[in-house]
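Before any comments, here is the structure.
Note that the chains take the letters A, B, C and D in the order they are written out, and that residue 1 is the start of every chain.
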Amino acid sequence: MINVVFFAKLRESLGIESIQLDVKGINTVEDILQTLYRHHPSWKGELSQGPLLVAINHDMARLTSPVKAGDEVAFFPPVTGG
Amino acid sequence: MINVVFFAKLRESLGIESIQLDVKGINTVEDILQTLYRHHPSWKGELSQGPLLVAINHDMARLTSPVKAGDEVAFFPPVTGG
Amino acid sequence: MIRVQNQDFDINHEYQLLASKAEAGAIVTFVGLVREMNLAKKVTALHLEHYPNMTEKSLRNIVQQAKQRWELIDVTLIHRVGTLGLNQQIVFVGVSSQHRREAFAACEFIMDYLKTQAPFWKKEHTESGELWLDANDKDTAAAKRWQR
Amino acid sequence: MIRVQNQDFDINHEYQLLASKAEAGAIVTFVGLVREMNLAKKVTALHLEHYPNMTEKSLRNIVQQAKQRWELIDVTLIHRVGTLGLNQQIVFVGVSSQHRREAFAACEFIMDYLKTQAPFWKKEHTESGELWLDANDKDTAAAKRWQR
(Lines give C-alpha, C1' and ligand atoms only; values in the text may rest on other atoms or scores of the structure.)
Protein backbone atom coordinates (compact mmCIF):
# COMPACT_ATOMS: atom_id res chain seq x y z
CA MET A 1 0.00 0.00 0.00
CA ILE A 2 0.97 3.62 -0.59
CA ASN A 3 -0.52 6.32 1.60
CA VAL A 4 -1.36 9.42 -0.46
CA VAL A 5 -2.10 12.64 1.45
CA PHE A 6 -3.24 16.09 0.36
CA PHE A 7 -2.84 19.48 1.99
CA ALA A 8 -4.31 22.96 2.02
CA LYS A 9 -6.22 24.11 -1.08
CA LEU A 10 -5.82 20.66 -2.69
CA ARG A 11 -7.25 18.85 0.32
CA GLU A 12 -10.18 21.23 0.31
CA SER A 13 -10.90 21.16 -3.41
CA LEU A 14 -10.62 17.35 -3.66
CA GLY A 15 -12.57 17.01 -0.42
CA ILE A 16 -10.20 14.27 0.73
CA GLU A 17 -7.34 14.11 3.22
CA SER A 18 -5.74 10.78 2.35
CA ILE A 19 -6.23 7.74 0.17
CA GLN A 20 -4.52 4.33 0.22
CA LEU A 21 -3.44 2.85 -3.10
CA ASP A 22 -2.35 -0.68 -3.96
CA VAL A 23 1.29 -0.46 -5.04
CA LYS A 24 0.68 -2.82 -7.96
CA GLY A 25 1.58 -1.08 -11.20
CA ILE A 26 2.91 1.98 -9.36
CA ASN A 27 6.60 2.73 -9.69
CA THR A 28 6.77 6.52 -9.64
CA VAL A 29 4.89 9.55 -8.37
CA GLU A 30 3.57 10.04 -11.91
CA ASP A 31 2.03 6.53 -11.76
CA ILE A 32 0.17 7.58 -8.61
CA LEU A 33 -1.33 10.56 -10.39
CA GLN A 34 -2.39 8.40 -13.37
CA THR A 35 -4.03 5.90 -10.98
CA LEU A 36 -5.87 8.70 -9.20
CA TYR A 37 -7.06 10.19 -12.50
CA ARG A 38 -8.38 6.77 -13.59
CA HIS A 39 -10.42 6.39 -10.39
CA HIS A 40 -11.45 10.04 -10.14
CA PRO A 41 -11.39 11.71 -13.56
CA SER A 42 -12.48 15.02 -12.08
CA TRP A 43 -9.29 15.24 -9.98
CA LYS A 44 -7.16 15.82 -13.06
CA GLY A 45 -8.36 19.38 -13.30
CA GLU A 46 -7.74 20.07 -9.62
CA LEU A 47 -4.29 18.51 -9.53
CA SER A 48 -3.02 20.24 -12.65
CA GLN A 49 -4.51 23.64 -11.93
CA GLY A 50 -1.39 25.19 -10.42
CA PRO A 51 2.13 24.19 -9.49
CA LEU A 52 1.96 20.81 -7.75
CA LEU A 53 4.56 19.91 -5.14
CA VAL A 54 5.21 16.37 -3.97
CA ALA A 55 6.99 14.85 -0.99
CA ILE A 56 7.87 11.22 -0.33
CA ASN A 57 8.21 10.28 3.33
CA HIS A 58 8.56 13.96 4.30
CA ASP A 59 11.23 14.82 1.76
CA MET A 60 10.59 16.89 -1.34
CA ALA A 61 10.47 14.73 -4.50
CA ARG A 62 9.61 14.92 -8.22
CA LEU A 63 7.02 13.37 -10.49
CA THR A 64 9.67 10.95 -11.73
CA SER A 65 10.79 9.90 -8.21
CA PRO A 66 10.37 6.17 -7.47
CA VAL A 67 7.88 5.07 -4.83
CA LYS A 68 7.53 1.75 -3.04
CA ALA A 69 5.11 -0.02 -0.70
CA GLY A 70 4.84 1.69 2.67
CA ASP A 71 5.71 5.15 1.36
CA GLU A 72 3.72 8.23 2.29
CA VAL A 73 3.34 10.47 -0.73
CA ALA A 74 2.06 14.00 -0.18
CA PHE A 75 0.70 16.45 -2.76
CA PHE A 76 0.39 20.13 -1.97
CA PRO A 77 0.55 23.63 -3.46
CA PRO A 78 3.59 25.92 -3.05
CA VAL A 79 4.09 26.85 0.59
CA THR A 80 2.98 30.19 2.06
CA GLY A 81 3.97 30.18 5.74
CA GLY A 82 6.03 32.61 7.75
CA MET B 1 35.90 82.56 21.26
CA ILE B 2 35.96 79.04 19.94
CA ASN B 3 35.14 76.20 22.29
CA VAL B 4 37.37 73.20 21.61
CA VAL B 5 36.33 69.87 23.15
CA PHE B 6 38.00 66.46 23.28
CA PHE B 7 36.53 63.00 23.72
CA ALA B 8 37.44 59.48 24.74
CA LYS B 9 41.10 58.45 24.43
CA LEU B 10 42.09 61.98 23.35
CA ARG B 11 40.43 63.58 26.36
CA GLU B 12 42.23 61.12 28.61
CA SER B 13 45.66 61.36 27.03
CA LEU B 14 45.60 65.19 26.87
CA GLY B 15 44.09 65.30 30.32
CA ILE B 16 41.71 68.03 29.21
CA GLU B 17 38.02 68.16 28.35
CA SER B 18 37.70 71.56 26.73
CA ILE B 19 39.66 74.71 26.02
CA GLN B 20 38.56 78.16 24.85
CA LEU B 21 40.57 79.83 22.13
CA ASP B 22 40.53 83.39 20.91
CA VAL B 23 39.31 83.36 17.34
CA LYS B 24 41.98 85.84 16.24
CA GLY B 25 44.11 84.30 13.51
CA ILE B 26 41.93 81.19 13.36
CA ASN B 27 40.07 80.56 10.12
CA THR B 28 40.04 76.78 9.81
CA VAL B 29 40.19 73.65 11.94
CA GLU B 30 43.82 73.30 10.94
CA ASP B 31 44.50 76.73 12.45
CA ILE B 32 43.05 75.50 15.74
CA LEU B 33 45.47 72.57 15.77
CA GLN B 34 48.44 74.84 15.02
CA THR B 35 47.40 77.15 17.85
CA LEU B 36 47.10 74.22 20.25
CA TYR B 37 50.53 72.86 19.22
CA ARG B 38 52.06 76.27 19.81
CA HIS B 39 50.68 76.47 23.35
CA HIS B 40 51.16 72.75 24.16
CA PRO B 41 53.95 71.28 22.02
CA SER B 42 53.46 67.87 23.62
CA TRP B 43 49.90 67.63 22.23
CA LYS B 44 51.17 67.26 18.68
CA GLY B 45 52.16 63.70 19.33
CA GLU B 46 48.82 62.83 20.90
CA LEU B 47 46.71 64.50 18.23
CA SER B 48 48.57 62.97 15.31
CA GLN B 49 48.92 59.50 16.76
CA GLY B 50 45.92 57.98 15.03
CA PRO B 51 43.08 59.04 12.76
CA LEU B 52 41.68 62.31 14.11
CA LEU B 53 38.02 63.15 13.55
CA VAL B 54 36.62 66.63 13.88
CA ALA B 55 33.11 68.04 14.24
CA ILE B 56 31.96 71.64 14.09
CA ASN B 57 28.75 72.42 15.98
CA HIS B 58 27.85 68.71 16.08
CA ASP B 59 28.39 68.04 12.38
CA MET B 60 31.34 66.12 11.02
CA ALA B 61 33.91 68.41 9.39
CA ARG B 62 37.44 68.39 7.91
CA LEU B 63 40.77 69.99 8.77
CA THR B 64 40.14 72.54 6.02
CA SER B 65 36.64 73.43 7.21
CA PRO B 66 36.16 77.11 8.18
CA VAL B 67 35.43 78.00 11.81
CA LYS B 68 34.10 81.20 13.30
CA ALA B 69 33.56 82.80 16.71
CA GLY B 70 31.01 80.90 18.82
CA ASP B 71 31.66 77.52 17.15
CA GLU B 72 32.15 74.37 19.15
CA VAL B 73 34.90 72.29 17.58
CA ALA B 74 35.29 68.71 18.76
CA PHE B 75 38.24 66.37 18.25
CA PHE B 76 37.88 62.66 18.78
CA PRO B 77 39.09 59.24 17.60
CA PRO B 78 37.04 57.04 15.22
CA VAL B 79 33.81 55.94 16.89
CA THR B 80 33.35 52.51 18.46
CA GLY B 81 29.79 52.33 19.79
CA GLY B 82 27.03 49.83 19.16
CA MET C 1 15.14 25.08 19.60
CA ILE C 2 12.40 24.49 17.03
CA ARG C 3 8.69 24.41 17.78
CA VAL C 4 5.47 24.23 15.75
CA GLN C 5 2.55 25.00 18.02
CA ASN C 6 -0.98 26.32 18.33
CA GLN C 7 -0.38 28.51 21.35
CA ASP C 8 1.18 31.94 21.35
CA PHE C 9 4.83 32.52 22.29
CA ASP C 10 6.42 35.04 24.62
CA ILE C 11 8.99 37.25 22.92
CA ASN C 12 10.56 38.26 26.20
CA HIS C 13 11.03 34.69 27.39
CA GLU C 14 12.57 33.63 24.08
CA TYR C 15 14.80 36.69 24.01
CA GLN C 16 16.07 36.16 27.56
CA LEU C 17 17.00 32.56 26.75
CA LEU C 18 19.09 33.73 23.80
CA ALA C 19 20.71 36.54 25.81
CA SER C 20 21.66 34.33 28.73
CA LYS C 21 24.89 33.00 27.20
CA ALA C 22 27.99 34.98 28.11
CA GLU C 23 29.58 34.74 24.67
CA ALA C 24 26.53 36.28 22.92
CA GLY C 25 27.32 39.78 21.65
CA ALA C 26 24.51 40.17 19.11
CA ILE C 27 20.90 39.02 19.05
CA VAL C 28 18.67 39.49 16.03
CA THR C 29 15.01 38.54 16.19
CA PHE C 30 12.27 38.47 13.61
CA VAL C 31 8.55 38.34 14.38
CA GLY C 32 5.86 37.97 11.74
CA LEU C 33 2.39 39.25 12.62
CA VAL C 34 -1.06 38.87 11.06
CA ARG C 35 -1.53 42.07 9.09
CA GLU C 36 -4.81 43.88 8.89
CA MET C 37 -4.65 44.40 5.15
CA ASN C 38 -3.40 42.03 2.51
CA LEU C 39 -3.95 42.27 -1.24
CA ALA C 40 -6.28 45.18 -0.53
CA LYS C 41 -8.71 43.01 1.44
CA LYS C 42 -9.49 43.44 5.08
CA VAL C 43 -8.29 40.37 6.94
CA THR C 44 -10.29 39.18 9.95
CA ALA C 45 -8.30 36.03 10.75
CA LEU C 46 -5.65 33.74 9.35
CA HIS C 47 -5.65 29.96 9.30
CA LEU C 48 -2.32 28.15 9.15
CA GLU C 49 -2.09 24.52 8.08
CA HIS C 50 1.05 22.43 8.22
CA TYR C 51 2.23 18.89 7.45
CA PRO C 52 3.03 17.32 10.84
CA ASN C 53 6.53 15.81 10.96
CA MET C 54 7.54 17.05 7.53
CA THR C 55 7.25 20.67 8.67
CA GLU C 56 9.43 20.07 11.73
CA LYS C 57 11.95 18.14 9.62
CA SER C 58 12.07 20.96 7.10
CA LEU C 59 12.63 23.58 9.83
CA ARG C 60 15.41 21.53 11.42
CA ASN C 61 17.05 21.29 8.04
CA ILE C 62 16.85 25.07 7.45
CA VAL C 63 18.34 25.86 10.88
CA GLN C 64 21.06 23.27 10.26
CA GLN C 65 21.99 24.97 7.01
CA ALA C 66 22.18 28.35 8.76
CA LYS C 67 24.47 26.90 11.43
CA GLN C 68 26.75 25.46 8.77
CA ARG C 69 27.00 28.76 6.92
CA TRP C 70 27.54 31.09 9.88
CA GLU C 71 29.11 30.89 13.30
CA LEU C 72 26.07 31.05 15.54
CA ILE C 73 25.61 30.52 19.24
CA ASP C 74 21.90 29.71 19.33
CA VAL C 75 18.83 29.67 17.12
CA THR C 76 15.18 29.68 18.20
CA LEU C 77 12.47 29.09 15.63
CA ILE C 78 8.78 28.98 16.56
CA HIS C 79 5.93 28.83 14.05
CA ARG C 80 2.29 28.81 15.00
CA VAL C 81 -0.48 26.86 13.26
CA GLY C 82 -4.27 26.95 13.57
CA THR C 83 -6.45 30.02 13.50
CA LEU C 84 -4.89 33.35 14.43
CA GLY C 85 -6.61 36.67 14.95
CA LEU C 86 -5.57 40.10 13.75
CA ASN C 87 -2.17 41.32 14.98
CA GLN C 88 -1.36 37.93 16.47
CA GLN C 89 2.15 36.55 16.30
CA ILE C 90 2.80 33.95 13.58
CA VAL C 91 6.50 33.23 13.63
CA PHE C 92 9.57 33.97 15.76
CA VAL C 93 13.17 33.60 14.64
CA GLY C 94 15.88 34.52 17.13
CA VAL C 95 19.61 34.18 16.45
CA SER C 96 22.50 34.90 18.79
CA SER C 97 26.13 35.16 17.73
CA GLN C 98 29.33 36.90 18.75
CA HIS C 99 29.09 39.50 15.97
CA ARG C 100 26.07 41.12 14.39
CA ARG C 101 26.78 40.28 10.75
CA GLU C 102 26.24 36.53 11.32
CA ALA C 103 23.06 37.01 13.36
CA PHE C 104 21.47 39.30 10.75
CA ALA C 105 22.36 37.03 7.85
CA ALA C 106 21.23 33.82 9.54
CA CYS C 107 17.93 35.30 10.74
CA GLU C 108 17.02 36.57 7.28
CA PHE C 109 18.22 33.36 5.61
CA ILE C 110 16.02 31.26 7.89
CA MET C 111 12.95 33.38 7.10
CA ASP C 112 13.64 33.33 3.34
CA TYR C 113 14.00 29.55 3.34
CA LEU C 114 11.04 29.00 5.64
CA LYS C 115 8.86 31.09 3.33
CA THR C 116 9.71 28.97 0.29
CA GLN C 117 10.47 25.50 1.68
CA ALA C 118 8.67 24.74 4.92
CA PRO C 119 5.24 23.12 4.46
CA PHE C 120 2.91 25.77 5.87
CA TRP C 121 -0.13 27.13 4.06
CA LYS C 122 -2.09 30.25 4.88
CA LYS C 123 -5.79 30.78 4.37
CA GLU C 124 -7.06 34.28 4.96
CA HIS C 125 -10.49 34.95 6.33
CA THR C 126 -11.59 38.28 4.88
CA GLU C 127 -14.81 40.20 4.89
CA SER C 128 -15.59 38.72 1.46
CA GLY C 129 -14.80 35.07 2.28
CA GLU C 130 -11.94 32.62 2.73
CA LEU C 131 -8.93 32.59 0.44
CA TRP C 132 -5.88 30.33 0.28
CA LEU C 133 -2.87 32.53 -0.36
CA ASP C 134 -0.70 31.98 -3.42
CA ALA C 135 3.06 31.71 -3.20
CA ASN C 136 4.90 34.95 -3.80
CA ASP C 137 7.54 35.63 -6.48
CA LYS C 138 9.29 38.05 -4.13
CA ASP C 139 9.81 35.22 -1.63
CA THR C 140 11.22 32.93 -4.32
CA ALA C 141 13.64 35.66 -5.38
CA ALA C 142 14.62 36.32 -1.76
CA ALA C 143 15.51 32.66 -1.19
CA LYS C 144 17.52 32.53 -4.44
CA ARG C 145 19.86 35.27 -3.17
CA TRP C 146 21.41 32.78 -0.76
CA GLN C 147 22.35 30.21 -3.38
CA ARG C 148 26.05 30.00 -4.09
CA MET D 1 11.89 57.05 19.02
CA ILE D 2 15.56 57.67 19.79
CA ARG D 3 17.10 57.61 23.25
CA VAL D 4 20.61 57.81 24.70
CA GLN D 5 20.49 56.84 28.34
CA ASN D 6 22.33 55.40 31.33
CA GLN D 7 19.59 53.07 32.48
CA ASP D 8 18.78 49.69 31.02
CA PHE D 9 15.91 49.15 28.56
CA ASP D 10 13.16 46.56 28.50
CA ILE D 11 13.10 44.53 25.28
CA ASN D 12 9.56 43.39 25.86
CA HIS D 13 8.21 46.89 26.37
CA GLU D 14 9.98 48.18 23.25
CA TYR D 15 8.83 45.20 21.22
CA GLN D 16 5.19 45.56 22.26
CA LEU D 17 5.20 49.23 21.26
CA LEU D 18 6.42 48.29 17.78
CA ALA D 19 3.93 45.41 17.46
CA SER D 20 0.93 47.48 18.52
CA LYS D 21 0.26 48.98 15.08
CA ALA D 22 -2.23 47.04 12.98
CA GLU D 23 -0.36 47.50 9.70
CA ALA D 24 2.88 45.98 11.07
CA GLY D 25 3.56 42.57 9.51
CA ALA D 26 7.27 42.25 10.30
CA ILE D 27 9.38 43.31 13.26
CA VAL D 28 13.15 42.95 13.29
CA THR D 29 15.11 43.76 16.42
CA PHE D 30 18.82 43.89 17.16
CA VAL D 31 20.33 43.89 20.63
CA GLY D 32 24.03 44.31 21.30
CA LEU D 33 25.37 42.90 24.57
CA VAL D 34 28.63 43.26 26.50
CA ARG D 35 30.59 40.16 25.55
CA GLU D 36 32.72 38.27 28.01
CA MET D 37 35.70 37.94 25.67
CA ASN D 38 37.06 40.47 23.24
CA LEU D 39 40.42 40.41 21.51
CA ALA D 40 41.28 37.39 23.66
CA LYS D 41 41.01 39.39 26.87
CA LYS D 42 38.51 38.76 29.61
CA VAL D 43 36.21 41.75 29.89
CA THR D 44 34.90 42.71 33.33
CA ALA D 45 33.01 45.88 32.35
CA LEU D 46 32.55 48.32 29.51
CA HIS D 47 32.49 52.10 29.69
CA LEU D 48 30.62 54.02 27.00
CA GLU D 49 31.26 57.68 26.39
CA HIS D 50 29.27 59.88 24.02
CA TYR D 51 29.09 63.47 22.81
CA PRO D 52 25.85 64.87 24.19
CA ASN D 53 23.66 66.49 21.50
CA MET D 54 25.91 65.45 18.62
CA THR D 55 25.24 61.78 19.34
CA GLU D 56 21.47 62.28 19.36
CA LYS D 57 21.67 64.37 16.20
CA SER D 58 23.73 61.71 14.49
CA LEU D 59 21.25 58.95 15.48
CA ARG D 60 18.28 61.01 14.25
CA ASN D 61 20.08 61.48 10.96
CA ILE D 62 20.77 57.73 10.59
CA VAL D 63 17.15 56.80 11.33
CA GLN D 64 15.98 59.49 8.90
CA GLN D 65 18.14 58.00 6.16
CA ALA D 66 16.70 54.54 6.82
CA LYS D 67 13.15 55.91 6.60
CA GLN D 68 13.96 57.55 3.29
CA ARG D 69 15.40 54.36 1.82
CA TRP D 70 12.75 51.89 2.97
CA GLU D 71 9.05 51.96 3.70
CA LEU D 72 9.02 51.60 7.47
CA ILE D 73 6.26 51.91 10.01
CA ASP D 74 8.31 52.61 13.12
CA VAL D 75 11.90 52.67 14.34
CA THR D 76 13.14 52.51 17.93
CA LEU D 77 16.79 53.16 18.67
CA ILE D 78 18.17 53.11 22.22
CA HIS D 79 21.86 53.31 23.09
CA ARG D 80 23.19 53.20 26.60
CA VAL D 81 26.17 55.13 27.96
CA GLY D 82 28.13 54.92 31.20
CA THR D 83 29.54 51.79 32.77
CA LEU D 84 27.96 48.46 31.84
CA GLY D 85 28.62 45.07 33.37
CA LEU D 86 29.09 41.75 31.63
CA ASN D 87 26.15 40.58 29.53
CA GLN D 88 24.38 43.89 29.91
CA GLN D 89 22.45 45.39 27.04
CA ILE D 90 24.21 48.15 25.08
CA VAL D 91 21.99 48.97 22.14
CA PHE D 92 18.50 48.20 20.84
CA VAL D 93 17.30 48.72 17.29
CA GLY D 94 13.73 47.74 16.47
CA VAL D 95 12.12 48.24 13.08
CA SER D 96 8.55 47.48 12.03
CA SER D 97 7.32 47.35 8.46
CA GLN D 98 4.67 45.66 6.36
CA HIS D 99 7.14 43.21 4.80
CA ARG D 100 10.23 41.60 6.25
CA ARG D 101 12.76 42.67 3.61
CA GLU D 102 12.48 46.35 4.57
CA ALA D 103 12.69 45.68 8.32
CA PHE D 104 15.80 43.49 7.99
CA ALA D 105 17.58 45.92 5.68
CA ALA D 106 16.77 49.01 7.75
CA CYS D 107 17.75 47.38 11.05
CA GLU D 108 21.14 46.27 9.72
CA PHE D 109 21.71 49.60 7.95
CA ILE D 110 21.07 51.51 11.18
CA MET D 111 23.56 49.34 13.09
CA ASP D 112 26.21 49.60 10.36
CA TYR D 113 25.90 53.39 10.27
CA LEU D 114 25.72 53.73 14.05
CA LYS D 115 28.94 51.70 14.37
CA THR D 116 30.86 54.00 12.02
CA GLN D 117 29.20 57.42 12.39
CA ALA D 118 27.58 57.94 15.78
CA PRO D 119 29.90 59.48 18.39
CA PHE D 120 30.19 56.71 20.96
CA TRP D 121 33.46 55.36 22.31
CA LYS D 122 34.01 52.15 24.22
CA LYS D 123 36.59 51.54 26.90
CA GLU D 124 36.96 47.97 28.06
CA HIS D 125 37.85 47.11 31.61
CA THR D 126 39.75 43.86 31.49
CA GLU D 127 41.68 41.85 34.01
CA SER D 128 44.88 43.47 32.71
CA GLY D 129 43.64 47.08 32.76
CA GLU D 130 41.58 49.59 30.83
CA LEU D 131 41.67 49.84 27.06
CA TRP D 132 39.98 52.21 24.61
CA LEU D 133 38.80 50.12 21.69
CA ASP D 134 40.00 50.88 18.18
CA ALA D 135 37.63 51.25 15.26
CA ASN D 136 37.16 48.12 13.25
CA ASP D 137 37.82 47.66 9.51
CA LYS D 138 34.94 45.18 9.33
CA ASP D 139 32.54 47.89 10.49
CA THR D 140 33.85 50.35 7.92
CA ALA D 141 33.38 47.74 5.20
CA ALA D 142 29.88 46.93 6.45
CA ALA D 143 28.80 50.56 6.25
CA LYS D 144 30.28 50.91 2.74
CA ARG D 145 27.96 48.20 1.44
CA TRP D 146 25.02 50.61 1.70
CA GLN D 147 26.57 53.32 -0.43
CA ARG D 148 25.02 53.68 -3.84
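As a working rule, a contact is a pair of C-beta atoms (placed from the backbone, for glycine too) under 8 Å apart; a residue touches a chain by one contact, two chains touch by 3 or more.
These figures come from a predicted structure and were not determined experimentally.
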Mutual neighbours - chains that touch chain A and chain C alike: none
Identity of the chain that, by mean CA position, is farthest from chain D: A
Between chain A and chain D, centroid-to-centroid distance (C-alpha), Å: 49
For chain A paired with chain B, centre-to-centre distance based on mean C-alpha positions, whole Å: 73
Centroid spacing, where centroids are CA-atom means, of chain C and chain D in whole angstrom: 23
Sequence positions of chain D contacting 2 or more other chains: 32, 111
Multi-chain contact sites of chain A, meaning residues that touch two or more partners: none
Every chain pair meeting the contact rule: A-C, B-D, C-D
Chain C - residues contacting chain D, complex: 11-12, 15, 19-20, 22-37, 86-87, 89, 98-101, 103-104, 107-108, 111, 138, 142
Interface residues, chain C side, partner chain A - complex: 32, 48-51, 53-54, 57-58, 79, 90-91, 111, 114-123, 132-136, 139
Residues of chain B defined as touching chain D within the complex: 5, 7-9, 12, 50-51, 55, 58-60, 74, 76-82
